[in-house]
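Take a look at the structures listed below.
The two complexes that follow have chain A in common; it is paired with chain B in the first and with chain C in the second.
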Partner chain A sequence: MKRLRNFAQALAATCLALSVAPAFADKANDTLKVAFTGEINNVDSYFNTTRGGVVLQRAIWDGLVHRDTATGEYVGNLATSWEWIDDTTLEFKLREGVVFHDGSPFTADDVVGTVEFIANPDSGVVTQRFVSWLAGAEKIDDLTVRLNLAEVFPSALEYLSGPISIYPSDYYAEVGPDGMGLKPIGTGPYRVESVKPGESYLLKKNEDYFDGPKGSPDIGTIDIRTIPDVNTQIAELFTGNINVAWRLPSDLAQKLDGTPGVMVTSASSIRVGFLMMDSAGRTGDTPLTDVRVRQAINHAINRQEMVDSLLKGGSKVVNTPCFPEQFGCVQEYVEYQYDPEKAKALLAEAGYDDGLSIEIYAFSNQDYVEAVAGYLSQVGITLDIKMLKFPAVLDKMMNDAAPMVFMSSGSWSLNDVSAIISEFFKHGAVDFARDDEILEWLDVADTAVDPEVRKEYYGKAIMKITEQAYWAPMFSYNTFYAFTDDVDYTPTNDEILHFVNMKWK
Partner chain B sequence: MTQTVTNPTGAAFDRDPLLEQILGPTPGQMLRRRVLGHQGLLIGGAVIALLALMAIFAPLIAPHDPFAQSLMNRMEPPVFLGGSWEHPLGTDHLGRDYLSRLIYGARVSLLIGVVAAVISGVIGTTMGVAAGYFGGRVDAVVTFLINVRLAMPVVLVALAVVAILGGSLTVVTTVVGLLLWDRFAVVMRASTRQVRAREYVAAARAVGASTPRILLTEIMPNIANNLIVVVTLEMAHAILIEAALSFLGLGVQPPTPSWGLMVSEGKTMMLFEPWLVLIPGAVLFTLVLAINLMGDGLRDVTAPENRN
Partner chain C sequence: MINFVLRRLGLALLVSLTVSFLSFMLIFLSGDPAVAIAGEGASMADIEAVRSQYGFDRPILVQYFAWLGQAVQGNFGNSYYFNLPVTDLVADRLSVTVKLGLCGMGFALITAIPLGVIAAMRPNSIVDRTALLFSVVGQAIPSFWFGLILIVVFAVQLRWLPASGTDSWKNFVMPTIVLGYYAMPAIMRLTRAGMLDVLNSDFIRTARAKGSSELRVMFKHGLRNAIIPVVSLAAVQMGFMLGGSIVVESIFALNGAGYLAWESIARNDLPTVQALILIFSMFYIVFTLIADVLNACLDPRMRSS
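For the complex of A and B:
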């Protein structure tokens, strides 16, 4: 009996301890806990390929320029003004009095150091497209710097406001990308307290943050943890162990909506999903070289139904090989309405009235791919689905072994179609169309200084891509966020969590 | 109470009850009695028979086309959770009938179980019998191969191979079949060693029977009971590996209905729609349990020590 009583006491004590022990994420201790699904390969943003890394980049560092997500206008960030000296030279006046997290002042030397490093192909910046347009930089005086472009590059400001952030040059030269990844130092609204690679990232408010266009940070501590399983994230959200979960599957988000204490919001994103088809016949003899087959595929998929039932939220059907609000994504195209009968007729005309079978490769969004397969089976096209890891799919694409691929592109959050159309239609390894005319137009559009000329030539390319049905553009994505209801934040359409704009209610 | 039996000379005669009492039941009768008296074997066998019939007659039984999607009717709950009889087990994330997919999924599981067990059985038995019968260098080589094979983690190797070759029913079946022969080899080797030392094998050899003849007519029938047990164990093993691979996205490719794949597809909604995972999980559990029950039962009724 005594033993039983002891046990009961111990149990009660444990329950009591459990009920008060965990440090819940909340307003009281000014700590916002955030869950990331994937690991970040390197916090150094030039060696990162993950979405989580982009979020950290925007919190830790600043670029010379900032794009207002609401108006789309470029404003000075680390720079206060700029001027095109000629087509390939851009001069910046830098902001005075900015200091890095380690206390060292920000000067023109840091800009020169960073640009010289990233512009050098030997540095091995992972996404060369971000930096290959830069040739170098020169210091005019402590607060004036000139960027030299390797080519005429009209979207320079867009790239400077996005992936290109300025590092403290002496520190970077000393520690290199690995050191920077473990102990990052920047000028941004949050400084890094600790990095446990693949596990957790602790950020503290930068009390000395300058009064810039990003706004000033409000929440004191941001505690980011990697939680790969989305169900675990939700459970943590329920128990108050995290405040923010993002990029949630739409079904889960919908179920979560209405749960007391949890707030679900969504923001449409620049990411566009599409089917790539081997129209150039790179994989050998494939029915996809016939334009009628490609058009039939475009007609056979009920994209509206997919948007309504699978993607939900702010997703939209997209008819162009780019996000409609991107610069240069001219909305003049050949539209393919959902019309299975027409699809069947086109297939019959092409000589495939007995049906045909095509291999499709994909690395994510298995449900979308299966839904597409379901629609295509209605018109007699059997899709042989191959779900592989991303590197394996890329390998198939580059080695001419993938007749059809389901792919999505977020244009690296860049608001310019050069980040998607020029990526996929300039005869690179992932160009399935290999259309010489389109290549010519894109060359003009990518390097023209006059925005109207750019639009005209991108427009030509878009018209031909849709007319020839090189792709089946599908829909724009949508990012679902779940917050505990004490967090005040409005998500933006760039698929980035901006900690600097988050507040407690 | 008389019955006609055939005596060794071939002439039929009426067997009277007295004689029956003296002679006792025939071996066939004894086997039948042991089978009917073994609950595990009966239950396991019945479940497997049921699932096998379901797999064979899937097109007749399934209420809907397992591939027909209806995005407007996604994730409808099963009838016992408030769903409709139109979809007794509900619908999946693409609005496909869950019961139909479950029924067709039995085909994949049983096919992989049987074919993989046959492939590994042929390989393992050949190696094991050869090692046990010939001994010496053959035995050394086979033992070495068994050790090599045992040092490889099956699921990891299967994952790697499927990741390289791409998942498909054929690839998964073949890979699993090529990986699971070790238990066959070990058991067959040990049983063959025991049997080859028996007098009747020596006798067969003495009258000049050829080696293949001895292996086929003297050795094989006497190690068959062990073989049957290993076959059932490996069938269950293969089915689980297929489910694991499909769950990890490297097994049978969608939209082919496979129970492992169904668990995987329901995984993201596990918190809110647990039945999406529980239903295929429960069926998988039942099948594997039934196969193991049957294997145990077969061992019990065929083992020589239970014959008397």
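For the complex of A and C:
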């Protein structure tokens, strides 16, 4: 059935690609129509867990600081300057003259109100990892505010430039997260005209947007609709009923490429795919506790071939348990070249000349998992693939029932390795290695203020993780975008659509 | 008759309760709801916070009865995913699904019954064979494929109809055809078989001998008797359409209840799934009941039993 469906989709896509002269999009009425695949749970970004919600967050609200995606540097956004008072106190001077979409002025009270709300565990912020480092905030004067940190947290600016947006505190206190989700108000380049939960979102250009580092919005209206089926999105792209489709499967993107009127682009993404192996023996007696078996698995997979034939675009082979451009992702590691003979030799040395069989759990990218199984079968390892829903896989991991998992992490678009290495190697339920030495190093790296010290200790951890082959790091992902050819936009590597940077050609 | 209806309603209530209990258990079996709510990539702390906030640390039976206690008062709670009242969410999505279901069923009946009658009038003729081919194709084509082909032809090439959305009646044309065509073959085949059976019986010969017109013989004497099993089948199909048009809703981006149910299961959104399952099972039960009553009207013999 699945194969039939794939075939049907391929055929339909081919019919589309061959037969169609695309219509002109809605440049005339200045409306950019965008398709989202999944339903956004809550537009209030502190209660959102979806990628689409992050896109809306960046359009509707602003953070205190902004990270320039090209240079990686932090510049002021709602703040103009900042200063570390001590290791856990950060003082901001705020931008003057900024107004919220409802006309109320932005002041230090809004920063204090927002931070006090999200720092309070009782507020029920779903994405605790983004906010738990904050203890509170105090107003110094109308345009000066101090953030108090709950702990030494060197990546504070990264978080303040990403997931932490400033809300109008009076309005938020009045309507709460549900009200904010239905009628969001921020300072951002786009204001919200209407929200139909899970279905559609209508944004209008904020004419009063301040002259900030994000740039100024150009397109008048952004009309976002949920279209679950990718093929339908493509059909709508051809008819000009949508202008933007994103996160397309690579095979479909390849077929679309070269169709007149449609422009397919890709950007490498911060997302990294990897195999996790039960080296700590949590699932009981497994061959994966033997480092030679794990190294053999690393040697057996032809990652370059997978990148070239399956992922394509800007994706690259990755040798570290993190995205190479992330802060702290030191590129010094033990490399495992594709070498099936060496893999066989290592397995023989470990006493597995007759082959072995391992269960692997995965929740997405079945094609990648099947390719891995293909490579491993050539060295005598049989993978028993279990495709489950994400919660079910995590359930297995937490209950020590998954010897091997194919996983990917987008580090929540954070440009700091603490969002991936520290998440997976600090003895939490998803830590398959449980290495005490690595835990110690990560504790130092996560809380050191000096960037050089952080790099040194993350580097030590990366070296040991690769030496011990705790993971088989595979590749960075690639996000495919399709636009009607009147849209002018260069995608970024953070898996986010930045409406503010989109223009008509 | 009233007794009959009351008894069936009582039974319906028990069936709904059983269904809701089983689905509650199944959702817990399929994975930890706290993990689903916290979302992909959530940290352990996030998940723990969610677990205690939503009370997943209580025994499942306690959680079920807490839900039931609220549900019987008409309070289905808030969706774990959207954090909005389930009642509003479901009512909104259900209107699309009901529209689609009624249109689809209407389309199926309008095409299937005349085709079945015509096929039965000339068994094994070209007309019969063509009708057979038409229905076999309908049975064999997967809806997602048929839907995509319609989109390619009518939305992309001819530009007659929109491919997705719910803005106007035009959005419902293709989904109606896809959904209706899927239900049509069974109804058509059953009508044909029933008609063939009836047309060979004595009372039809009598009617013809009386000199009744062929049209009157077919529709007054023939169809009325042949249609009884069709009514039962159509009722079951209707229940299926109102709960199961997931594929059609997803291809044409209709944002209906079927798609909501499908997505809510994946997200372990218990309150939404529970409310929808209750409603879908009620649909089945009510439509089967309506079919029984209709049959009782069509066939007086059934009233006494």
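A few comments on the model shown:
In the analysis below, the second predicted complex is superposed on the first by the 480 of 505 C-alpha atoms of A that agree within 3 Å, B and C clash if a C-alpha of one lies under 4 Å from a C-alpha of the other, contacts with A are read in each partner's own complex, and residues count from 1 in each chain.
In this section, contacts are C-beta pairs under 8 Å (C-beta built on N, C-alpha and C of every residue); 3 or more make two chains touch, one makes a residue touch a chain.
Treat the numbers as computed from the prediction; the structure is a model and nothing was measured.
Applying the stated contact rule after C-alpha superposition, one finds that A:140 touches neither chain B nor chain C.
In the superposed model, A:150 makes contact with neither chain B nor chain C. When the two complexes are overlaid on their common chain A, residue A:374 makes contact with chain B while staying clear of chain C.
Touch criterion met: A:132 reaches chain C, while chain B stays clear of it. Chain A is touched at more residues by one of its partners, and among chain B and chain C that partner is C.
After overlaying the two complexes on the shared chain, residue contacts for A:389 are found with chain B and with chain C alike. Of the two partner chains placed around the shared chain by superposition, chain B and chain C are both touched by A:235. In the superposition on chain A, A:28 contacts neither chain B nor chain C.
231, 235, 388-389, 392 are the residues of chain A that lie in the contact sets of both chain B and chain C, per the superposition on chain A. Chain A meets chain C in the complex at residues 4-5, 8-9, 12, 15-16, 19-20, 23, 39, 41-42, 47, 49-50, 121, 124, 126-129, 132, 177-178, 181, 197-199, 225-229, 231-232, 235-236, 238-239, 241, 388-392, 394-395, 398, 409-410, 412, 423, 428-430. Put simply, chain C touches chain A in their complex at residues 30-33, 35-46, 49-50, 53, 81-84, 89, 142, 144-145, 148-149, 151-152, 155-157, 159, 162-165, 250-253, 255, 259-260, 263, 266, 268. Across the complex, chain B meets chain A through its residues 67-69, 71-72, 74-75, 93-95, 163, 166-167, 249, 253-255, 265, 267-272. Note for the complex: chain A touches chain B at residues 230-231, 234-235, 249, 251-252, 255, 302, 305-306, 308-310, 366-367, 369-371, 373-374, 377, 384-389, 392.
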